[in-house]
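Have a look at this one.
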Amino acid sequence: MAETQPRLELEAVSKQFGGLHAVEDVNLRLREGGRHGILGPNGAGKTTLFNLITGVLPTTSGRISLFGQDVTRWPTHKRTAMGMARTFQITSLFPKLTVLDNVLLAVQGLRRMKLMMFRPLASYKDVYEKAEKLLTDVNFWHLRDQQVRNLSHGEQRQLEVVLGLASDPKVLLLDEPSAGLATGESREMADFLNSLDKDLSILIIEHDLDVLFGVVSQITVLHYGKVLLEGPSDQVRNDQQVNEIYLGKG
Amino acid sequence: MSRLSSELKQVFWVIAAFGALGAVTPFFDDYTQTIITRALVFAIMAMSLDILMGYTGLRSMGHGVYFAFGAYSTAILVTKVKGVGLLTLFGAGLGLSFLVAAFLGFLAIRAVGVYFLMITLSFSMVVWGLAYRWHTVTGGDNGIAGILPPPLFGISLQNPVAFFYFTLGVFLICLGLLYLLVKSPFGKTLVGIREGEARMKMLGYNTWLHKYLAFVISGTFAGISGVLWAMLNRFIAPTDVELVTSVEALLMVALGGPATLVGPAIGAAIVMFLRYWVSTFIERWYLILGATYIITILYAREGILGKVEGLLAWRKAGREAGAAIPRVQKQPEEIRT
Amino acid sequence: MKAKWLVLLAAAGLALGAGAAQGAPREVRIGFIAPLTGPFAQVGKDQVNGFILYLEQNKYKMGPLTVKFTAEDYEAKPALAVAKAQKLIQRDKVHVFLGGLLAPTGYALAPVADQFKRPYLSPAPAGEDQTQRKRHKYYARLSFTSGQCQHALGDWAYEQGHRRIATVGADYAFGYESVGGFQRGFEDKGGKVVAKVWPRLGTVDFGPYLPLIPRNVDAVYALMVGPMSLAFPKQFKAAGFKMALLGGTTSTDEFILPNMGDEAIGYVTTSHYSAAIDTPKNHAFVKDFQKRFGKMASYYAENSFTAALYINEALKRTGYNPDKIEVWLEELKKIRVDAIRGPVYLDSYANPVQNCYIRKVERVPGDRNNLGVKANSLWNVVIKTYPAVSQFWNYKPEDFLKHPVYDKDFPPCKFCGQ
């Protein structure tokens, strides 16, 4: 039962910092199961775009819709509640907490019990089971009592995605999931992303082209905040202009 | 789960320690008893601040405010209303500090870091000014004397030992409730906010609400220490609620170990011991307090209890590394770090 | 500087011999709570030094008793004073404790005295109500009430021909009570207080307050404390005010005086003490204090010295038995003592009845009376003595107590704006 309307839709979204147009007039649609990549050199406005979509920054103009609903002025946590999750380019886990606590926080994020004050967290079986499942799926269960800051960088990047998945999102925004990973680890990351639920809609910023082309079917190229090109990955891969500006090869 | 049992062990040791304190205190001389009682009263204050400062990561310079409302409401009720009971005193003190925290929270919570510090500091100054200038109600500069504690179920609390046990009881109730709080799902979210507020928002938390609730709870518990302080000292004056009180509470938390609950209680005990005991031998006891603080900052940023816990955990990790392996099916070598 | 004020003296053998023979108590333990650190530390030291001077002069003896003296610091925090009083009573087992500087500490300590049935003799806190509407059984004051001598100054001001006066008083209880006393003494004679200005306690820039003082008054009464006392006369003169300047106990006390300049000359204030009292007793006191502690004796020091004198006298008349607290305390409240400041006895409300001195600040060339004080110093030269002034002025206590305690609005300013 495919949904008809896009899960995430941007219409003429712009963001200005003073005189600087960080994001200008960006349109984008992400449907159920869509895998959409965002490409662009540093400073092209990719992360700013994510911040606009998630509500970390307010837009200057334009409209953002989630599941057909206008969320342009909504705070972050309410967008999350609708089924959107995000990971960060710079790992933003809770470094001094254990792996399990990180996941528990992510799991309870959309549950009402998060405000429960006088019952131990340890007594919530379902939350624990969910966390255990998430960690077992990625083979992290044995690391549960480790402080996150003691994990390797690759493990932290993966946990970053696990946290994004904990709220069972329908739309997942990944900001350079393979940033700082070695080649082998990048391939693992790509496999991991491909193993995710097929219905999940993913918007991904990625510099590692192997990962990007291995995961997405559609790509938007940003240049100085503007959309330079949007199309299927093959088309983008072969586009002359993109190759010159971004890929740096003739 | 090993994690649960080690927590139970901690709880056991804490209960044992306070049980021992309850058992030996009557054998100390009267003055030592009152110092211990004072330490317990301020321990409640420090623990309540720990919720905000240690767990949530919001350093407040305004904790004297709730202390002031607790203490002054008690002082005024005891001296103006004949036969007022303990229930009324705690009800009024708690209710008032709750309302004040609920109001001030709206003003303060949006600020972060040093701005939060400055706003809460200004609350301290305002309340001190109120105590000092609102003559007709607070007695101004002269304060309010003769705050005798009413009896508890017919038992007089005017006896120092009785008042000690009463304070110990209130302290343990507070410790228990706050312990539940920090172990609750809500408590965990506070730590999450401290460690990464942006991520918490992204995970679906309305972090403002969580910080606000922590602010109000923390203030309300601080009110309890004010109520007890007034009855213990039987006197309250603006000098009790000046900025120094708030700063000392901050010091107690930093000294004992933020985000450990028991640590700030230990910090409170240290400051009280220095102020009331060491000061009778060494006039410049502030120097010792300052030196202790500097040493803590330099060598034990996580506070005294935090340091001890860290050392224990480090040793334990070394011992248990081997024992943990059998539970893990894959990649056992990775945890041997 | 000594790290601790705990002083225990007397040759052990001697004390043993004197006491053991009779089986009577061999020592009297006295505690003193003063602000020894913080902004009031210097005043606090004066207080303790006054007491120590007495003890040293008497070789730490009161009759056959050895004095064990313990001083505690309370940082000018009343609540801490309470704790230190408990410490003195419970741990040091003192027979009597003294202390406090400002009124709040007095109010805080008196209940402790009753609670533990241990006398508290107040050597400074001047809160009126402590010996009026809020009395305690085990409490006696050996200093003065805020308004006590101010009544006399009001009376004197009228006799000088002043009819319209403005008051400027530090905005807190001691200020209200001092101004209240002055106003009553002055208006009872027929004078009019036409403006009352209340600068914040600790004000050193009187710019905002000076314009509130009417220029058409005969005199200005200024009750200042601490740094305010230094700043006010200068700025008052600089603003072009030419009328007479009057003041209260703390406006030119001997603590402030050495730091004042020529602007203070002619300033008329009142107190129950002045270092310039011309009696052999006072000359000796000022000289000894100067020699021992290197500074001019202040009323803080004199109060403590007199307190020691009082304790000794009360013990002497009851057979030197400090354990019989009620007995010697009862006696203490009855006796008349020839103190440095002049004759003193307590009224039935446990406040001293004593001389009030009207004093004029003068620069005295050379070393006045050869007391060892720095040459060309300023002195509070006594120009009139009101003998045996009570805290109730010339009212009957019952009548006086019908009124509320002096406050910002009492006595009401009936002539304000006229």
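Of note:
A, B and C are the chain letters, set down in written order, and residue numbers restart from 1 in every chain.
One rule holds for everything that comes next: a residue touches a chain if its C-beta (ideal position, glycine included) is under 8 Å from a C-beta of that chain, and two chains touch if they have at least 3 such contacts.
Quick caveat: nothing in here was measured; it's all calculated off a predicted structure.
In terms of Cα centroid distance from the overall Cα mean, chain B ranks first.
When the interfaces B-C and A-B are ranked by C-beta pairs in contact, the top one is A-B. Annotation: 75 Å between the Cα-based centres of chain A and chain C.
Centroids of chain A and chain B (each the mean of its C-alpha atoms) stand 40 Å apart. Residues of chain C found to touch two or more other chains are absent. Not a single residue position of chain A touches two or more of the other chains. Residues 54, 56, 75-77, 80-81, 85-86, 88, 92-97, 101, 104-106, 108-110, 113-122, 124, 127, 139, 142-143, 145-146, 150, 163, 166-167 of chain A are the ones touching chain B in the complex.
Looking at the complex, you find that chain B touches chain C at residues 29-31, 34, 38, 135, 140-143, 145-146, 233-237, 239-240, 275-276, 279-284, 286. Of all residues in chain B, only 3-4, 177, 180-181, 183-189, 191-192, 195-196, 198-207, 209-210, 213, 217, 327-332, 334-335, 337 touch chain A in the complex they form. Within the complex formed with chain B, the chain C residues making contact are 3-5, 36-37, 72-73, 76-80, 82-84, 86-87, 90-91, 102-104, 107-108, 110-112, 115, 127, 134, 172-173, 201, 407-408.
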